[in-house]
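Read from first to last, the chains carry the letters A, B and C; within each, the first residue is number 1.
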């Protein structure tokens, strides 16, 4: 077993042991923060499946919202268990992804333009949710209908620890998928497409199929993350789950942590959520809006001074000290 | 059946709204065409200028026209500040970083405004007449902004075609490298463009203040619409943005009368998505490199 | 007038020029020829400032211009007519020429410069309100040269002026370049059309795989061997 594998295992065991460590009454809070970090890291990894290949989506809130609202509405209105609801949500998100990604890909919409189109689409979903307030609850949001004291069928649990292990498994699953893609032909094909679409096409790579495919995968996983989040928080709201705000936060976290590495999204998410929590606690109820202001300011400063993200900048710094032949990606 | 008078009124109101929307879309497109960066926080600059107008008119009692001039100047200065502080450091970095930098600016401006002025809606109360013409009511608060935006766009057109700097701005958007071979410092052209774009935001702010109240999340109200208009018209395409502004505003206005205000927006957005399926490059096509 | 000393330059990981030194004296016409991919265009871009050299010096009229941005280099008196012309396609002929005179000093002399350009290229005067993108290849090349002249340069860099032109046009073009030279401009031209360009210039360099391989007077180089090398390489 290599050093790296060993470390990974230790880390995993540590994560699994968190709920068992005595923490005085702080358990609930720590678990709460960790659950958020794990879910958003999962979503971040899903986003990075597109982002790392140059498909920078600023509208992932669309898939998130679609996922969360689908499973919540199916449960609230029809009593359909979120297990099934999640499948429906993922299918819907996938279908929506195909419908948007196909023409975008065929017409070679890339770069800034692509970002703006995705941003607009994300906003449309948010505004549609608000407009259809009769059944979506509009800006006030929707509460997930409680199922008593916790029920596996309803995917609601009184004990946070169950959620914790659930999202831990989810997050690990997401990492596994990321890793599989990283090692597969898909990665090489997408990187070729990213460098030169025409050249890739001339070598026989079906550009549209790959682009749409990776978009669908990303959308489906994001929707799943949305369902998980909705089930945990038991409340959905168009501003927290759709629209520019949440979409940008996802992208920020991933880019900050490092878009091209397995653990980049997790590192970035952990840092941004920890930062947000710290600011929230520090300012409490004083100076409303100041926490967010500093958050925004720090994000801007980060992106200007650490363009390769934390992981990328660290790696560059290490390379400068210890130059060595090109190694495989982490 | 809906009284055709109402439909006509809605159609006309749509045109009147479209004028101001076009100002926003053109400002965004101008900056993108020259600097090749999308200012996601553009409408939040408008928001800041609207606050300036509000405070000058309501608290200090200035006449709107004077406040408008200050707003235009403030907009230009904000444009320069944004370019110097946020844009210049990220020129040449990958698009995702650039989108995040202006996105971060959006967060920052919205929260800072919340911190300074709370989330209350603030509105400049004006008592201006409403004109009636053949049963259609046209308030001055809509007519004046429309007239001024048309004049402003004419001014922009003249600036871009008749002046040296304006022609240089058009040249840079066609071939940045070639322009530097003419002895034009790119930064100078960028600053000029940012100032003009910012000034347009400032003007739009004054005009919008006549009809809407300002609050920190005003950008969330008009931002997405502006982006959709730009994408619909083809990013970087000035004529396209102009046309798309009126298309969208018509749909919103007429749809709003036929069904509800909300549905008007919904229909406009659905049309946008359908257009994306059919021609994602926009009605007239995006500017290609 | 212009001196390159041991210039090394490239793009990213790739080095296009190695240790290149050359010299252009005032009033001269000098050519740089060589096979495709030799680095001729990179050489032009280094001189005009579009590419920063990694090593070496660029000295113009005694002033070091190494690493200066393009708009400053133009202000010192070097005009670059890029490969492929790079006109502003949606602007008119007149507007393109206006842009050429962007520099303050050039703007002051605008009327005189314009007259001179129209004198050299009367067809541009005829088509002054026509969109540059709609001109023929030859007319575009003339406009590109005219635009460069508007900045009141002392040295003109011409990158592959004959590219894409019909043979008849090429002859006319070189004639016009000769006339430009007679007006007193110093010229450095990069060309594929070796035979023609050798008739035009005083000296020539052969650039191959980023290095200067041969240098000499044009009349002495006009032999079969040199021409073959320029097209195919050593």
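In the analysis below, a contact is a pair of C-beta atoms (placed from the backbone, for glycine too) under 8 Å apart; a residue touches a chain by one contact, two chains touch by 3 or more.
From a predicted model like this one, the values you see are computed outputs, not experimental measurements.
Common neighbours of chain B and chain C, by the contact definition above: there are none.
Of all chains shown, B has the CA centroid lying nearest to the centroid of every protein CA atom. The greatest centre-to-centre distance from chain B, using averaged C-alpha positions, is reached by C. Remark: chain B and chain C have CA centroids separated by 43 Å (rounded to whole angstrom). If each chain is reduced to the centroid of its CA atoms, chain A and chain B end up 31 Å from each other.
Each chain gets one centre point, the mean of its Cα atoms, and the points for chain A and chain C are 52 Å apart.
Chain B meets chain A in the complex at residues 32, 36-38, 40, 86, 89-90, 93-101, 103-116, 118, 216, 220, 223-224, 227-228, 230-231, 235, 262-263, 265-266, 269, 272-273, 276-281, 286.
Contact residues of chain A toward chain B in the complex are 51, 56, 58, 99-100, 103-104, 107, 109, 111-113, 115-117, 119-121, 123-124, 127-128, 131-132, 243-245, 248, 251-252, 255, 259, 287-293, 295-297, 299-300, 303-304, 307. Interface of chain C with chain B (complex): residues 48, 50, 69-71, 74-75, 79-80, 82, 86-91, 95, 98-100, 102-103, 106-107, 147, 151. Touching chain C in their complex are the following residues of chain B: 164, 167-168, 170-171, 174-175, 177-186.
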